[in-house]
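I have a structure I would like to understand better, so I am pasting it below and will then ask my questions one at a time.
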């Protein structure tokens, strides 16, 4: 292994040594280590396959009409209607708040703010992206649950929006930075005011990327559990439209049911997990395949 | 210039004012949206600070951080079990995730053919997209009994005399939680490290390969030293995620409010403690203490995140220059 | 074309506050640079340029790279100042109105002084039709669906692109060839009815046949618009322009105007040795 330890290919002497000492042992090391990197990759993918497989196999027997049309009843029957309808309310509402705020924030970072201000806000936004979601949940608890004396769906909506906004904002900024400067100049040179340059030309140019960012943020929000446990709480009741009351969602449903000593309820947890997983994975795959195709189409990178 | 305006259409056009209000309004709205995130960040720090001030005042900052008891009955609240649980599980997860993740990043950036690397990278990144609660469910129902009956039983009987490895395995413990954490954060290490490695100019490698070095030797002597900071940053980024990860840990760590005494002991992280105890909190004192835990977690992840960003940023800048 | 007063280099500066008498309609729209210096921070890219450009003519800016030709035309529609640290001294007047006057909005200037860039820059994710319609729509210069359609067709016809695209107006602008894209950008620029069209090396990214089409188009467009074209290509300058301004590098690497005059004179009997050296290919 002495040849491997040569630090820098600088001198002729070292070159000679490297070339001359090309031994079977070095070739073997190369093969083994390269193989090991491949093994590591397979190793990483085993849990993905195992998990998707287990969820599918365990969930399929439990996905039936009752699961989709009834709320929790008792240990032997019932469904997840409360959670399905809850997610269908919370996620769109949170998206409705987060998408415009995030996109506007990203526009500000990329197009309007001075470089110094943009740096400060970008830093704060990055910190928010990295903040554990449970901390955001605790924040919304202190902000919305304590003052209003009760868990509520709206507190959950706000928590999800707080988690999604920075993700969308940073994505928007990066997408807008990929729009060539010549396009910006072309629009300015037509005599468009800056806000029209942004909304008419730049946002349209980056629309695919912006939608991608929103979809990924929605997928992320859809799976959030911890912040909802301490804001929207979860509920056995089917709650439609009462945003000031607790509401269940698929993630909180999975968590609640997973702790129950009942094969039926755990089966329902698997079923809910499959629905959630399908949604999240489908969103990710579609978006990645689409954007992958676009970037390989020779756009900018 | 009203006179020229009536005389000449071109001058008239040039003097036409452009409405500035829409531009300003748009700027203010967008700026407001951008600042809202900043406000949320400040709001989180301030609200958590205010609401946990009593706790920190009552026990003292050090007293709370180093306190080992969490006893609702005697109103004694100490954060150490959860800080320890957070650091131990995150640390153990890194022990697994770092070598596996870096090796895999090397494969996907250096060795895998392009047609294979692209889908593999997508699959690896999909793992990061799986909701934590789904991983937790799988961990609880599938992994926990599996680990208990195989690895844990074997290790604890084989090394029964060794501290930290002894004890009756229960499955829901620090080891299983760390394993799940490792699964969850490895994609971060792979994705960021791969990006850093790919940013390295190709001529770095070619020069060395041209001398007769094998691909692996090139990686060890040329690639890895050049991307050290970036890969370290990727690992620290993953560490931050592991520290804040909640559901998968909550569902598999056993939820015992004590400093774990071994690998197969039950424990609790800050995040899992908040998730399990918030709703059933006994009263304002416990809620205050839980918010104090939230503040500690925020400070911990913030510090880790800043270090990671500095490292990754520096590495990217170095690669670009 | 009256060549004697068409273009006077180094015209003596006139106080900007003096209101000029109303010009005759055919003299309306004279473009005048007065002691113009363009800065990037503390670096003067081009210094003290004075030049009079008569309306509805083609004026070519030629000179070696880095002499500030592009910077100068970007001052005319106030695009120069959109770059960080960029500013000017001196002034630009159009039809006697100081374009840098406090009463004049740069956005309004750009509506009247259009620009075509070096690389075709059709708006991405927009159809051919929308590319041309975007200006009138946003600026509200034309209202009504039928009127906009009419304006788009008129602009595309004037840009000699209509016959090629009339059946695929809904296709993305970026799907066109390079030369077509550049003509699309010209159509987009003239759809907002400017007085002046600035062209910054519009053919440098195009093949010879596409270049020829643009050159023919320029000759046609000068009946309606004042055209200022920056070019590296001296043959092009001699083909399309009636007047030529030659720039070169002066002290401190700042560009300066060496001389300007009727194109045939600049190319056959320039007054300055530097110009002769350049047009005869001895440097640059």
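Residue numbering begins at 1 within each chain, and the chains themselves are lettered A, B and C in the order written.
Assume contacts are C-beta pairs under 8 Å (C-beta built on N, C-alpha and C of every residue); 3 or more make two chains touch, one makes a residue touch a chain.
Just so you know, these numbers come straight off a predicted model, no measurement behind them.
Viewed as a contact network, the protein chains are fully connected, with every chain touching every other. With centres defined by CA atoms alone, the chain at the far end from chain B is C. Between the chain pairs B-C and A-B, more C-beta pairs are in contact across A-B. Separating the centre of chain A from that of chain C, both taken as means of CA atoms, is a distance of 48 Å. Centroids built from CA atoms put chain C at 54 Å from chain B.
Rounded to whole angstrom units, the spacing between the C-alpha centres of chain A and chain B is 13. Taken residue by residue, chain B touches two or more other chains at 18, whereas all remaining positions touch fewer.
Listed for chain A are residues 193, each touching two or more other chains. Counting partner chains per residue, chain C has residues 107-109, 111-112 touching two or more of them. Contact residues of chain B toward chain A in the complex are 18-19, 22-23, 25-27, 29-38, 40-41, 43-44, 47-48, 51, 99-101, 103-104, 106-108, 110-112, 118, 120, 122-127, 129-138, 140-142, 183, 186-187, 190, 207-208, 211-217, 220-221, 237, 240-241, 243-247, 250-251, 271, 274-275, 278-279, 290-291, 294, 297-298, 301-302, 305-306, 309.
Contact residues on chain A toward chain B in their complex (touch as defined above): 3-4, 6-9, 15, 18-19, 22, 26-27, 29-30, 33-34, 36-41, 43-45, 47-48, 50-51, 54-55, 58, 100-102, 104-109, 112-113, 120-121, 124-128, 130-139, 141-143, 146, 162, 165-166, 169, 193-195, 198-199, 219-220, 222-226, 229-230, 233, 251, 254-255, 258-259, 266, 269-270, 273, 276-277, 280-281, 284-285, 288-289, 292. On the side of chain C, the complex with chain B involves touching residues 19, 22-23, 28-29, 94-97, 99, 103-105, 107-109, 111-112, 195.
By the touch criterion given at the top, residues 179-180, 182-183, 185-193, 196, 200-201, 204-205, 207-208 of chain A touch chain C in their complex.
Of all the residues in chain C, the ones that touch chain A in their complex are 77, 79, 82, 107-112, 114-115, 117, 119, 121-126, 134-135, 137-139, 185, 188-189, 192.
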